[in-house]
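In the two complexes below, chain A is the common chain; its partner is chain B in one and chain C in the other.
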Partner chain A sequence: MTSHAPPAPPVQASPPPLPRRAVRLPPWAPLLAGAAAATAAYLAFRGTATLPHDPEAAPFRIIGDVRAWADANRNQSPVFLFFVNYVRLFVGGLYDVLLTVLTAPGWAGLSGIATGIGLLAGGWRTGLLTALGFGSFGVLGVWEASVTTLALVLTAVLLSLAAGLPLGILAGHSARLRRLLDPVLDVMQIMPTFAYLAPMVLFFQIGPASAAVATMIYSVPPAIRITALAIRQVSPSAVEASVSLGATRGQTLRKVELPMARATIGLAVNQTIMMALSMVVIAALIAAPGLGSDIIRGLTRADVGVMLPAGLAIVVMAIVLDRVTSSAAARPPYGAARPGKARALSASRLRWLCAAAVALGGPALGRALPEEFPAGLVLRLAGPVNEAVDAVTFSWYDLTEAVRNLTTEALLNPLQTVLTSAPWWLVAAVVLAVAWRTGGPRPAAVAVGCLLATALIGLWQHTMETLTTVLVAVALTLLAGVLLGIAAARSPRFAAVQRPLLDAAQTMPAFVYLLPALALFGATRFTAVFASVIYAVPPVIRLVEDGVRNVSPAAVEAALSCGSTGWQLLWKVRLPMARRAILLAANQGIVMTLAMVVVGGLVGAGGLGYDVVSGFSQRADFGMGFAAGVATVLLGIMLDRITQGAGARPSPRTTTGKKRIA
Partner chain B sequence: MRIAHRIRLLAGVLALGLAAAGCGGATVDTGTGPAQPSAGAAGSSAPAGGGTVKIAVNPWAGYEASAAVITHLLEEKLGYTVEKKELAEQVSWEGFETGDVDVIVENWGHEDLKKTFVEEKKVAVEAGSTGNKGVIGWYIPKWMTDEYPGITDYRNLNKYAELFRTSESGDKGQLLFGDPSYVSNEKAIIENLKLDYKVVVGGSEAALIESATQAQQQRKPLLFYFWDPHWLFNKVELARVSLPPYTEGCDADPKKVACDYAELDLDKIVSKKFADTGGKAYELVKNFSWTNEHQNAVANDITNNGMSAEDAAKKWVDANPTVWAAWIPK
Partner chain C sequence: MASPDGTSPDGAAIEVRGLWKIFGPRADRVLGGPDAALGPDALREKTGCVAAVRDVGFAVRPGEVFVVMGLSGSGKSTLVRCLTRLIEPTAGEISISGEDVRAASPSRLRELRRHRVSMVFQHFGLLPHRKVVDNVAYGLEVQGVPRAGRHERAREILSLVGLDGFAEARPDELSGGMQQRVGLARALAVDPEVLLFDEPFSALDPLIRRDMQAEVVRLHREVGKTMVFITHDLSEALKLGERIAIMRAGSIVQVGTAEELVGAPADDYVADFVRDVPRGEVLSLRWIRRAPAPGERLDGPVLPAGTIIRDAVPAALESARPIRVVEDGEPTGVVDRLDILAAMAGRPPVPAVPPQRPSPGGPASGAGS
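This part shows the complex of A and B:
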């Protein structure tokens, strides 16, 4: 981990004193001593006080019993009869209604309506993008699955917004509520997607209703957080003016605060949709219908040809929804002063007309067109794609095999041996020391507490295995991210090429990254490492690039005038001064990597992720899977606390969206 | 005034909700619109538009072959709509209770699930044999038996553990396993027979097939979990490792298993609702019965000959009218 950076107060504006040897040495000395002590302790106590995995651990049995109780009482206990089952019924009903509504106009009709909405939201470009996007669902041959996924996303988003916006508004007004919500939302945002599913199965069983609830819970934090932020950002003088003019609280909210917070709340909606979209895919594990189901089918058969159309459709859907909602949010509110107001008004009227024409034209056309998407237009990708994949895997076999085996034998296996054969107290002591150094006593206490809790729920060994994979993936992510980030900061041309790639990469749901990894490397731990590196590297690149580029020009000038070479400038000035950004990048990278490594349980990553997967598919393992979900959360909090020493840290998930980083 | 209005509205909604659920709270199978099995609606008027039949599709080619043929016949000959649900074995059983699944077309044993869902919850019923005989076992490529005498006896496995080591299994031999959801006693068998092996999860049927093919072509040692019926036996010569023979009840306690898998009579399971109201669709599912060769032919077309499940099923149906004619209800 990147723990060797000394905890110095952030130096941003003033040029640093030129480094002198005598001052630089001491911060390293205790670290070296600590590392030596830990190594010595490991060599002396290796193999003692280990906590090997016991599939019969008491916590697993207890959770299994809870499930047995829930199964037995689903139709008896009042908790189920009058609450849980009603929620299930209501959510299921909402999903059915939305699905019926979306299916009713046929493919042409729905595309037309969507295009109309796109036109309204962002002008002809967005409209065109929407039309092309919806068309591509049909061309990819996944129209029905796409509509199903869209219905599920809408269900979850509607529920999220119904709960999230009011809560966010309340939290925006009340600091106490904010303090209450913050830790809960923190945990929710660190939780890997997988961890949400098991409790859903416990209460709501499998199926679309359960999937929608899981998705809703997963996507509600940004709705609450960003709305609260939006309300707080409203200028207090505007609120004061409104109150002093005698407006009631409701009037102030409706007429002043909400309109002024509109753009930011739009962002909240946008983020909620994006989160929902990535969860809906994973929810296929608990029998959510739609594109996710195709992706799971491909994953369980290692059939890229099946996965690819569904994966592409998900990406297209993400891009379309992102564009439509973000341009809707960015549009100035009606009536706002614009240059040439009269012209703008007539233009907006024209746009309404256009949109209405397209939206009505679609269904009308749909009458004339066949109900199903014309088969002649569908691209049959599976065959050619699988041939291409076979060709690539065959011709690259030696290379991929070598890379995989090298990483596994040189990094994963030794590290895993060390972590699983070290006494638990030694691992805890190292975590304590590292977290104390990067964050101080409180984060250190939390980190160690979480670590030990994984032992208490009977998953120490698997936690160590997952930790191994995460550490290796994070190391590779940081290496790649820092190199590419520096390259981008140094060369504007390189940055210009890289930026759209990063944009696209950050709009994609995590699952999609498993496809190329699986195609190239088969199902192993390295596959998960590879997938998490490509998943987590874009935000790291961005943060590093920003950090290095934003180093104060005065410092750069000073170093140059002292005769620094380009490399000296980078090593001695830019990188040290960008430390904060790099630490933040490490934090981001770790949280994202963990999420992906856990999902990697589907492609042979082992450890906690596999426990979760197997908990869904083998009833006897339900307790272990549930506990493993909890353990991933604990591991996430631990890693987060260790790396959040970067200072005032924005919450991990909300910064992964490209808007907030830029 | 406004408040009174709201209360009335709320009361109305509540009353509606309670009425919908028969005033006794909502049970899990309280209906949710179009997601309900409606196969019975068709009655005798097939093929003019039957209902919808929800078939669970478990992740292996043989299952997919059976499901594809049943789907083809239901849709083309009886006029039903079939919804295929991509689900793991045990999750499919839970679907009987929630109404998400009507039919499992190839069930491998699962006595515990039968006890829970058929006997206790009474949401599922057995719908007879598929005609397929199923055996799970540990396999090695045939060439290894010539080179390493006695390797097919489990008592000699430890002697050869070194051969099967990989970067994933560390210092033990690797036993390659398939999809996490498959029926498995591997961990217990290894532990109870004190074998120096580690289960490595390949993640899918495809991973097993690919490894087995490579093991044959490149003469790489491989010990893996596999099952019959499977088309792979026609392409790659495999030898089965003999574990202590199966005796009645030796696998009763999943933690204490130290014996081979039983030969299973694979069968079909349907939801109680479908059995009661499924009409001709249920009759067809019940009558469905074919041989391992039939299944292998369809599965082989799907996996190796680049055919979609639909096309492979159509090809088989066109070529074997006498077989399926007996399944169509009068």
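This part shows the complex of A and C:
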């Protein structure tokens, strides 16, 4: 107490006169003021300048006319005659050939060959998994649909790789091409799946060819991106050494770059296949044959029993394809031989022999076995599953009903009322302000432009409805994702339990998530919210966990040595330093949520997704469906710009041109 | 040798004249104009360009080890890459064994790289997916040599660099020093006339680095290639280089033997560089000889002028009389114990006398003979 007097004067004396002290505002003041202004404007202008939905809006009619023209001129216009129709013929032909090849060996034969490939790629475990997987297609009673889906996936993947690998290699070498491709690929990757479908119908009609092209376009970005990355990751001094020895470009590519990039290119193939598999299911909306059509049928009728076998088969197929391709990619570039070379050699020879035996034995056995998968082995799931679903919904009714009603009444309805009854200019102004604050003027301009464009194409109200669902789902996703991510980063044991679950969740195609949601909650808006939350949470968890965990150990050590408690460490060091990762997680979560909410249109989410679906089922609504597809893209770009800006802001982009002046 | 700067224009293995490399937009516009004379910072400020190599010229004799030394960022790695156009120079002339490299077509250039010049890299640049023997044979493989032939040659070279028995190993199973031996073997396998080394040992531990330097000296004795060796390590430069070029900010500041650099640094930069070099180990008696003082006895031991100071110590120990320094059979001055001690203590030659007999161009000349 006695020491109180002396230190005071110098502190007061040191700062120069500060007349502006009263003006200094806390950093959140502008935010608060903005929110207050927006609220006031909303209360004052509520109900004015809204843009209610009009199913006969002019843009819809124009698109409908375009389709009518396309249908009428399919066999006259040179664009169709000399280009589009050939593409359709070629892709359709490729699909037919692949389907024939896959069907020819019979179920036993195909399973045998697949098992052989699995054995070669990843050893006996993968081989066994493949055998069980293919067997399960038969047991689930969806053998034919599975083979059809496989053929369609293969068609799309072959096309994607044929286009994507060369383009990726070129992009890996040329920074200029990369700069050209990057924005295009960005937009392609945030486009919700539904948006790809309508233009396909316009050009290629409906059917497998059109579905394969849509799937190919959807799955080509990772093929290009990851291949380019793979090429760029090749050690520059190995490339330089090759060039310095007088290798031609082709020699360097073949002997140095491709072998050294092999594992990463394998990842590109793996990602392409996974993307294709998830798209092929959605492409059932434009009459793609296979498992997807069962799922769509089940979804539209809210019949879980019909969906479940197809859904399980899709999941199994995803796991098998993922394991086979990723273990093929992960194999060391040479025989895993260190000490006992001779033994390892014979082991690899043995594996080849086994694989060949299985691959040949399957078809041979297939001759003896019946051509159809034996009916006695098929599990008839539809009845029991529906009973079980009924039982669950009945016994959990109180709980599910409470959760659903709470979310709907407390979050969805009020927000939707606000968004749809607010004047359009107010919504636009809020988006502008938020995007400007997070990303600066350019992202803000893009975001507002996209928002206003949805109004121009006549879908303002439905866009607002979808936005409502997305915002609620994103809030729940981030809440769950950040909490679980932090928990996993703090507790290795929790992470160890969670990690395989996340792995499995990320292998599954998007549609599968609708299945449990539908079973629990029936066809409502909340179902879409629930499905998108469980769809988008895994990557968010993973990004947050990695971000929090990868904080520089030196900083953590420094904080600990100052005596921080665990919570202080988390709040003051780990979370602030993981800010980028968390913002990236938010961005990912939003893009994925949007994709799923749109798909949720099939199970009662309404909004744009429903417009897209009805555009395919009713010809009269085609224009609206097409426009709704465009609107989902616009919405996606808007949300992406807002969140990406926030992630990119803290560090000015560092473009380090690789100059060597050593 | 003949000309004042120690190069011999006739029959040079490598000759470079007026070489420029400017990174950045519109580099060639910088070159012709007045901007070329700007300092590095001013140039970047004004044009956004970086002149990594500025008007560099030198010649390397056949069979010589020519070291280019400089700190990082001085442009030495760019310079060596310009020699075979791994980096395209902006201007200048390069000739390797009489061939004009800058005018060579892509296929001529490939021929040059395949058969006549090969390079060893700082980070080895080995191919992890290939066995050691296939790494060594890579140069022959791109030439189209059949498998059996190139493997035989690769094994020969592997035993030359001391890697017998590692032919079937993978590069990542070897230590850093052994990996660089593979890199060396790969460069030697094509039997080039010229070997370029880009800081080959700076990623290695000091002990291994010393081994590898000895290895290069041994190989140079055995195979007698022309070598251009880039390094940022002065002791490495002094150990290996017959002549050393010191680079700073893209230009060559001085070219000369170790003795010339230490004894007569061209400017403060070089002087600063060589300050810690033990003078007694590098300089010869030529640098400290002086005219005999009146009355000094001239019947001491006789040593040639090229004797390294350290090597004159035994003679000085044996006899208290001043050593007589002889060049071309004629006495040119004397050195006594004090002179030797002062030189070994790192003091500049106390009397700083130019040599007694006026040789053209002062101490910098003739030292390499």
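The rule is simple: the second predicted complex is superposed on the first by the 584 of 662 C-alpha atoms of A that agree within 3 Å, B and C clash if a C-alpha of one lies under 4 Å from a C-alpha of the other, contacts with A are read in each partner's own complex, and residues count from 1 in each chain.
Note that a contact is a pair of C-beta atoms (placed from the backbone, for glycine too) under 8 Å apart; a residue touches a chain by one contact, two chains touch by 3 or more.
Keep in mind it's a predicted model, so treat the numbers as computed, not measured.
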Contacts of A:240 with chain B and chain C, given as first, second, both or neither: second
Per-residue touch tally on chain A - higher for chain B or for chain C: B
Partner chain(s) touched by A:206 [first = chain B, second = chain C, both, neither]: first
Which superposed partner A:616 touches (first chain B, second chain C, both, neither): first
First (chain B), second (chain C), both or neither touched by A:133: neither
Residue ranges of chain A touching chain B (in the complex, touch as defined): 55-56, 71, 74-75, 78, 80-82, 85-86, 88-89, 92-93, 96-97, 99-100, 205-209, 284, 286-287, 289, 293-294, 296-297, 299-303, 382-383, 386, 404-405, 408-409, 413, 417, 522-525, 602-604, 606, 610, 613-614, 616-620
Chain B residues within the chain A interface of the complex: 17, 20-21, 24-28, 30, 32-35, 57, 59, 85-91, 94-95, 97-100, 112-113, 116, 167-168, 170, 179-181, 184, 187, 200-207, 210, 254-255, 306, 308
Sites on chain C touched by chain A in the complex: 23, 50, 52, 72-78, 81, 84, 86-87, 109-115, 117-119, 121-131, 138-139, 141-143, 168, 170, 173, 183, 186, 190, 196, 199, 250
Residues on chain A engaged by chain C in the complex (per definition of touch): 235, 237-248, 251, 255-256, 259-260, 262, 333-334, 338, 341, 659-662
